[in-house]
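Common to both upcoming complexes is subunit A, partnered first by subunit B, then by subunit C.
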Partner chain A sequence: MWVWFAKLGSPKWFYELSTKWLPWLVVATVVVIGTATVWALLFLPPDYQQGYTSRILVVHVAVAGTSLAFFPLMAVAGTITLVWKMKLADMVAKNAAALGAWFSFITLATGSIWGSVSWGTWWEWSDSRLVSMLFQFFLLLGVVSLRSALEESDKAAKACALLSIVGCINVVVIKYSVEWWNTLHQPASPVSIESGSANGPEFWIATALMILGVYLFLSLSLILSTRNEILMRERRSLWVQELMSTEK
Partner chain B sequence: MDLLNAIQFESWAEFVDMGGYAFNVWAVYGLFVVFIAVNIIVPLQRRKTLLRDLRRRQNIDAQVALNRQSASVAGAVDNAVNDSVAETAKVVGTGQNAQQGETS
Partner chain C sequence: MPQAIAKPTTWSAFMLTLKRDLLIAFKRKNDIVNPFMFFVIVISLFPLAISPDGDKLAEIAAGVIWIAVLLSAMLSMDSLFRADFEDGSLEMLLLSPHPLFFLVLAKNIAHWLVSGLPVVIASPLLAYMLKLPSESYVTLMLTLLVGTPTLSLIGSIAVALTVGLGSRGLILAVITLPFSVPVLIFGTLAVQASASGLPTGGYLTLLLAILAASLSLAPLTSAAALRISVS
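Right, the complex of A and B next:
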């Protein structure tokens, strides 16, 4: 178990394994997101209240739900950094923060575009779901700038790890905000097996597929940037030096 | 075919119109595409420049080591190394361009 754990933390091992798996990940991401997008745009029947704007929710729900994974992910990576000082965990955490900010921004933008039709407003300061998601966006930007503000990389890693763990509180707030304070943002519709209902199979299967696709994309983007981080930080090691002369 | 019948639109124009919400629906899907493209292309570009820079650095280091060896024989280590670093940077730079020209 510990041998496996130590191996997992080795940047070289991660780099070589990801080289093998990357093509498959790319294929899976393209197929799943492609299928979900075509399904949502062409086949989704119009919602009895929202009409064709329910197509927006397939993207919005998938990106929003996935954006909640960033703080827990960074908190786990941060804990590993703090306790075991594993280099790889910190590299993942560093790149996750910026990607998470992107996810939060897209969540806010797509939600706004949907709300402008369904709620008749682009933004509502009194809605807890909207404001807590905006807060997550700023928190993630905060983690990114904290990292670049601290010169010493060891100190920066520790500070970011702590902020990531604390930031998980906000994820809980986002999740339950629609139940605790009910203003504008509706709670999730219960999944239904009845065709044609608010969250019937046509809608939730397309959304579930999109969620899977967005998670695959998240992994792909994160792996690509982590590989860059590995090359940068391990540039003096023998294996990277050798890799330079063989790989194109 | 069942699949074709399941398509919600009768015509291309109807598909584009999205029941009158063309702007909202297409803006969201457009954003989605840009979001995915940026977060894949940026790390790929970064990899390209990183590999180039690391390789250049590697070549310079190798040259410096070589020059240091020969310079230490002459007994003028520091000056020679400093001069040669600048010199190698130029040589390596042009040398790489020439190599790229050959392969591409």
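Right, the complex of A and C next:
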């Protein structure tokens, strides 16, 4: 088991393995996201209250659910970086921060577009999910800007690992405090995403498919950007130079 | 007695760090006075920007004071480790045989005494200027008394992470401000509750819980962060 664990930390091993897996992952991502998108945007029956705008929820719910996975992912990768000093974990964490910020941004954007029709407003402070997602977005941007401010990569790796662990705890604290702030200000908020659950099972199957697709997309982009990072950081090692000369 | 100086206990090291930091703070008054003046000036700008109308001001008073506290705390945090980093005494702290988190805690306490406590003491005056209902003064002071050390403790993590950077005013803001959301929420909620005659015990207890958590975890995290950035 420990041999496998040690292997996992080797950028070269990861690069070679991911080269084999990559075509399959690309095919799976394209098929799943393609099916879910076509289904959601063209064939999903309009909601009896929201009309066709409910279709954007398929994308929104999938991206929002996935964006919550970033801080735990970064905290785990950060712990691995701090404890076992595994280079690969930091390469994944580095790209996860920026990717997570994008996912949070897309969640906020699709939510606003949906809200502009269904709630009649682009932004609503009284919904706690909006506010905590906004602060998750800010916290992820904080990790990204700390990474870009610290140039030295070993120091940046450890500092960002620590910030990700603290941030992961903080996202949870913020979520609960915002929820409490909200319920005390506006008891029983009538607007909630759950109101869309009156939709038929097609809606949830399409959403489930989209969630799977977004997770596949997430792994694909993480793997691709990690591969870039490996080539960048290991550019002086023999195997990268051999690889580059054979590809030319 | 050279032996006595060569082997101080952890407690005396704690007290020495505290005394040293307080002494430095009083010799270098700008680092204390400027964030405090910033706090007072920001608050006095709000009535000019919004309205001199007492009712409107009373409604936003708690929020304005808390935001001003957050911003001035962030500005004063900047000086927590910087001078020590520049003259090398921070490395001495790292090399000392005593647990680093304990010494970091001493620095935090000294910093709070010179930057947080004045804000707490001055808050009723500023609350009066913002027409906060007088029954909220005690709650405001209590929340600030519990909230400002929490802000210092949380902020010191970010300061420790960025201590080696040249220009870090803005990155400190980007990292610390989202972290202070829970303190801000419970602090302002308590003051608003007291203004409308509701019990405030629950909020104060939550603020104390956050203080207890950050008092026990933040110095450890800051110490780890210092070891990362000074190496």
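Convention: the second predicted complex is superposed on the first by the 217 of 248 C-alpha atoms of A that agree within 3 Å, B and C clash if a C-alpha of one lies under 4 Å from a C-alpha of the other, contacts with A are read in each partner's own complex, and residues count from 1 in each chain.
Note that in this section contacts are C-beta pairs under 8 Å (C-beta built on N, C-alpha and C of every residue); 3 or more make two chains touch, one makes a residue touch a chain.
Not measured: the values here are computed from a predicted model.
K.L.:
Name the contact category of A:Lys158: first (subunit B only), second (subunit C only), both, or neither.
P.N.:
A:Lys158 sits against subunit C, while subunit B stays out of touch.
K.L.:
Touching A:Val117, do we find subunit B (first), subunit C (second), both, or neither?
P.N.:
A:Val117 contacts subunit B only, not subunit C.
K.L.:
Just subunit B (first), just subunit C (second), both, or neither: which does A:Ser177 touch?
P.N.:
second
K.L.:
On the A-aligned overlay, A:Ala149 touches which partner chain: subunit B = first, subunit C = second, or both, or neither?
P.N.:
A:Ala149 contacts subunit C only, not subunit B.
K.L.:
Quick one: classify A:Met244 as touching subunit B (first), subunit C (second), both or neither.
P.N.:
first
K.L.:
Taking the superposition on A as described, I'd like to know which of subunit B and subunit C A:Lys85 touches: first, second, both or neither.
P.N.:
A:Lys85 contacts neither subunit B nor subunit C.
K.L.:
Looking at subunit A, which partner touches more of its residues: subunit C or subunit B?
P.N.:
B
K.L.:
Could you please specify the touching residues of subunit A with respect to subunit B in the complex?
P.N.:
33, 37, 41-46, 51-53, 55-56, 59-60, 63, 99, 102, 106, 109-110, 113-114, 116-117, 217, 220-221, 224-225, 227-228, 231-232, 235, 240-241, 244, 247
K.L.:
Can you name the residues of subunit A that touch subunit C in the complex?
P.N.:
Answer in residue numbers: 135, 138-139, 141-142, 145-146, 149-150, 155, 158-159, 162-163, 166, 170, 173-174, 177-178, 180-181, 184.
K.L.:
Where on subunit B does subunit A make contact in their complex?
P.N.:
Residue list for subunit B touching subunit A: 6-9, 15, 18-21, 24-25, 27-29, 31-32, 35-36, 38-40, 43-44, 46-47, 50-51, 54-55, 57-58.
K.L.:
Which part of subunit C faces subunit A closely enough to touch in the complex?
P.N.:
Of all residues in subunit C, those touching subunit A are 157-158, 161-162, 164-165, 168, 171, 174-175, 177-179, 181-182, 185-186, 189, 210, 221, 224-225, 228-229, 231.
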